[in-house]
Amino acid sequence: MVNNKRKVSTGIQSLDKILAGGLNRGDTVLVAGQPGAGKTTLGLQFLYSGATKYGENGVYVTFVESVDKLKRDASKFGWDFEELLKEKKVSFLDLMQTTGEKGVEANFAVIMNEVELVGAKRIVIDSLSAMTTYIKTKAEARTFMLVMNRLLENAGCTSLLLLEVPWGKSDIGSGFEEFVADGLIVLESAIDGFRVKRMLFVPKMRGVNHDLSCYDFFISSDGIDVSPIPTSRKR
Amino acid sequence: MVNNKRKVSTGIQSLDKILAGGLNRGDTVLVAGQPGAGKTTLGLQFLYSGATKYGENGVYVTFVESVDKLKRDASKFGWDFEELLKEKKVSFLDLMQTTGEKGVEANFAVIMNEVELVGAKRIVIDSLSAMTTYIKTKAEARTFMLVMNRLLENAGCTSLLLLEVPWGKSDIGSGFEEFVADGLIVLESAIDGFRVKRMLFVPKMRGVNHDLSCYDFFISSDGIDVSPIPTSRKR
Amino acid sequence: MVNNKRKVSTGIQSLDKILAGGLNRGDTVLVAGQPGAGKTTLGLQFLYSGATKYGENGVYVTFVESVDKLKRDASKFGWDFEELLKEKKVSFLDLMQTTGEKGVEANFAVIMNEVELVGAKRIVIDSLSAMTTYIKTKAEARTFMLVMNRLLENAGCTSLLLLEVPWGKSDIGSGFEEFVADGLIVLESAIDGFRVKRMLFVPKMRGVNHDLSCYDFFISSDGIDVSPIPTSRKR
Amino acid sequence: MVNNKRKVSTGIQSLDKILAGGLNRGDTVLVAGQPGAGKTTLGLQFLYSGATKYGENGVYVTFVESVDKLKRDASKFGWDFEELLKEKKVSFLDLMQTTGEKGVEANFAVIMNEVELVGAKRIVIDSLSAMTTYIKTKAEARTFMLVMNRLLENAGCTSLLLLEVPWGKSDIGSGFEEFVADGLIVLESAIDGFRVKRMLFVPKMRGVNHDLSCYDFFISSDGIDVSPIPTSRKR
Amino acid sequence: MVNNKRKVSTGIQSLDKILAGGLNRGDTVLVAGQPGAGKTTLGLQFLYSGATKYGENGVYVTFVESVDKLKRDASKFGWDFEELLKEKKVSFLDLMQTTGEKGVEANFAVIMNEVELVGAKRIVIDSLSAMTTYIKTKAEARTFMLVMNRLLENAGCTSLLLLEVPWGKSDIGSGFEEFVADGLIVLESAIDGFRVKRMLFVPKMRGVNHDLSCYDFFISSDGIDVSPIPTSRKR
Amino acid sequence: MVNNKRKVSTGIQSLDKILAGGLNRGDTVLVAGQPGAGKTTLGLQFLYSGATKYGENGVYVTFVESVDKLKRDASKFGWDFEELLKEKKVSFLDLMQTTGEKGVEANFAVIMNEVELVGAKRIVIDSLSAMTTYIKTKAEARTFMLVMNRLLENAGCTSLLLLEVPWGKSDIGSGFEEFVADGLIVLESAIDGFRVKRMLFVPKMRGVNHDLSCYDFFISSDGIDVSPIPTSRKR
């Protein structure tokens, strides 16, 4: 269990090991995956473990799923967010209603305000794809993401940005997010023989001598669990 | 046979089992498939079983096929919708004639009105692709779908949104629908050796520890029947 | 030989068998195929058998080939359309000269007028691709096709819409035609080893428990003949 | 050697055999091939044999190669076009200099004028791709090609339209030419093991019970020669 | 060693053999290749051998690499261009600075002027891709290339137009250059097992009964050397 | 260890060997790679070795990662940039904040000013992709890159331009950068069986008889280390 100043636990022991101890404090890390890959579960697990084991408050920003459904999803794993919400250790920020082209900066201001109120050290944005859907050009989206990452780092937040990979695609975002972010965790859910197989690998983590292997992972009743033994991934 | 408050049966026992008991009440679930995959049959079966076995009224919204043909299709399976229509347990809403760019919101208002009139707890939209064909940008379509899902959930409806996958493609919609929806059921009809083979799998179902295997399914004289044993799917 | 009220023979016995007795009366069915696949031959055979065996008049609408060449093609199979034309049992409608963006609705009006004059119960449109070439957006083309199908059904016509699949492609139309139509018959002419091999399969036929196998077919001196035994189709 | 009224020899005996006796008189046939495939040679051979063996005058329209180079190419095969030019049995029409968007109809008028002057029964357009390069939409190009084919047929011309297939592609034109034309002859020049292999096949020829096999062909000192025995074509 | 009036040596004996004696005088030939394929080396070798062995002056036009670097590259092979420059047998024309949309015709005028000044019989344009980068439509680029080729032929020049094939692509230019040019020489540099393998083949050379095989080639201290024995090229 | 006037060491002995002694002085070389491929590490190693072993000052320009994170990354390898910064041997130029379409030329002016101040002989731009993101057309980006390369060469700088290859792609930039640059070093990080495998190869290096093999490389505690023995790369 890591808890030093430079490393932030993901809440998943075997993933921390792949990352040579956890995420770098202040980093902004993409979590990319297809529908049902487990991105939301990873995000909830990251916040829940932060608030309950490491004394780090968190904010979950949703542009995709209602807060009620998020709580319902979490309760399946025995994660009691109601209690944490009462203790103001975690906040759910529902920005699904906010729409329109000018909303991106406004939304981000609301997020930073919530981060300050909660004293958050961890943030999950679900999803970067949804948040930036109204930005018209790749250049503007890149600039927005650069500014956002810097402000989150300045606020002392370690951030997970969930990124939607459409079913049947392997492209990640618009081709720049992976370069602007400090790290990239890929959750794959490819059909392999009789079933959908879940795999995790980390192609990039700045300043970390991370493990380059692929790992099977499972969503059990305790949340995400990554196999400690590498797996084979055919193309 | 499920009938508790949190779970809604699909009307297909083996599919309910894959979904760990059925759909979550209030969820909006995509049913994606190529032409002839059985999407319409699944939708009719969902409504018919709801009205006859679970006391849940339903609305079938069609932008694609005439109501006469839908009834003809259903009668092949011995599903007597005429009776249900008389008893006002089910309603067919024909929106094929409605066209034009501004019709999307207007259409949705007509749908919600019908849901209220019928006291529907189940709704099928055939198809989301046809309903949103006049929406120009992905961002606007995403916003529309978010709002629709929320209103359907608030009305207590469990919803199936049929999604058209063109022959020879594996992409699902425009790449965001699968993330906005609570779940995704894929009906595949790939040519395999001598014949078109039908397969079903569930890549995503929020808050459900669903089965990740692929299953053969058949369209018999009783409707859709999913094999209880997983099948192999080559790519 | 089928001739009941609900079923319409295609004129090809083995194809009728695949379709569990023939086409549904009033349906609009796509016939998709690459150049030389036999779409025109299938269309001519459908009309000729209708007029000579089943007492059903027909209209052949051409946007592609001159009527002289159509007659020449048909005479190779011993189908004497001159006689049928004199008896006003069949009509060839040449719309090749009609062009321009506003022509689509005008063309359709001409077609419906001809259907009424001939008292046609069968119609072939050669091709849907050519007919809709000036429609600018997919949404408008979808709306046009929905309206056309409904009017043809109301007129009591069973319709074949020929659809052009460019050489080397497997996409069918713009990705919506196959959903709007009641059925889809695919004529494949893939190169396999030493020769172009002809195959037929039916991915979709609404309300029909159709055969899902692939079949070799041949263009003999009597027209199209489908093998009664399924064939293997590699990808 | 065919010379009846309904059939037109291509000038290549084995190709005539594949076409069940030759081209249909009045047909417009695409000859598609990659650079170096032999399209120009086939075109020159068609005109030369027509003028010397069958008493049919011809016009070669070039948008691509200068007339001097065409004559140089032909002389390699011993085809003396200088003599035929003097006797006004053949004409070379150089339209390379004509450019601009409005030139297509003007160019076609020049071509039809030349056809009349020469009394041509055969015409080669090298290439359709170059001729229509300034037409902006597919719909307009389709309309132009329909009109051109009809006028050429009315003038009693049997026509070869050469179509450029870029290296590394297998698409043919813009996806409609193959449907508007009466026939399609494909010249393939794929790299196979140690060398570029030349193959010919005929996917489409209206009203002809043509051979569906693939054939090797060679460019010898006498011009194009097609092997009488089918060959295997792997994909 | 060829030096007759109709044939122009490439400066590479084994390539001349593939071309049945060399290039046709006055032809415009594309040399297509990925980065590092050896296009520039082939161009320099063509000019150097022309000026030193065959008494033919030449112009090297560069839009890509500085003249200093070109001389540095050439000196590695022992080709002393300084001497040839002094004797005015060869000229390097640096057009890298010339930019903007209207520059294409202006640039070409500068080139033709230099050709006249030097009395050049050989010209290399490095690269056609760079020269035409500001031309907006394919139709205009085609027209420009047609005019350029004709003027170069009229000036008695045999021309190599270098064409950039991006890494990982096999398309050649915009799909028309290969048809407008008289010939096409492809330099391939594909990764094969442990190393990048260099191969050369000639898909097209008008009026030449050229060799259709693939050949390994090497860049040795004497320049490009093509293996006399064909090689296998897997796809 | 190279240190002559014409060759510049990359700081990695085995890479210098592949390059026949190192980079050419004054060259602009692309380093292309996917996220996590090691581009930044290679850039830092190039500058650190230059300043500490070869007496060549350097500038690191970042549009992507904050200077703090760059220093943190470097310190993992024991590269003490703080000391070099104090001694004014190296400068980090943070241009992340500069945005907008007109910034490209302005940014480059700032860079050239810094090069002069530091007396830099080595420069790393991280990344070319980010720097040129606001340039709208390929033609303008090509012109900008040509001018930049020339000015960097005139200033006596040997330059590494880092180029972002999105995950799952193999295209390099927009298809022209590889031709404008003097060289191209590709860092591949493909998934192969159980793990991400790192490989390096050099498809292009002007005027260098470079090694064409593929090599495994590793990121150890001393930085990038390239295997001296070639490796196999399957496609």
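Per-chain residue numbering starts at 1, and chain names A, B, C, D, E and F are given in the order in which the chains are listed.
The rule is simple: a contact is a pair of C-beta atoms (placed from the backbone, for glycine too) under 8 Å apart; a residue touches a chain by one contact, two chains touch by 3 or more.
As the structure is a computational prediction, the values presented were derived from the model and not from experiment.
Listing every chain that touches subunit A and subunit B alike gives an empty result. The chain with its C-alpha centre at the largest distance from the centre of subunit B is E. Between subunit B and subunit E the centroid-to-centroid distance comes to 60 Å (mean Cα coordinates, whole Å). Inter-chain spacing, taken between the CA centroids of subunit E and subunit F, is 30 Å.
None of the residues of subunit F touches two or more other chains. Judged by the touch criterion defined above, the protein chains form a single closed ring in which each chain touches exactly two others. Residues of subunit B touching subunit A in their complex: 24, 138-139, 142-143, 146, 150, 153, 170-172, 175-176, 178-182, 184, 186, 201-207, 209, 212-214, 230-233, 235. Contact residues on subunit F toward subunit A in their complex (touch as defined above): 34-36, 40, 64-66, 69, 72-73, 76, 96, 99, 101, 127, 129-130, 133-134, 164, 166-169, 189, 191, 193-198, 219, 221.
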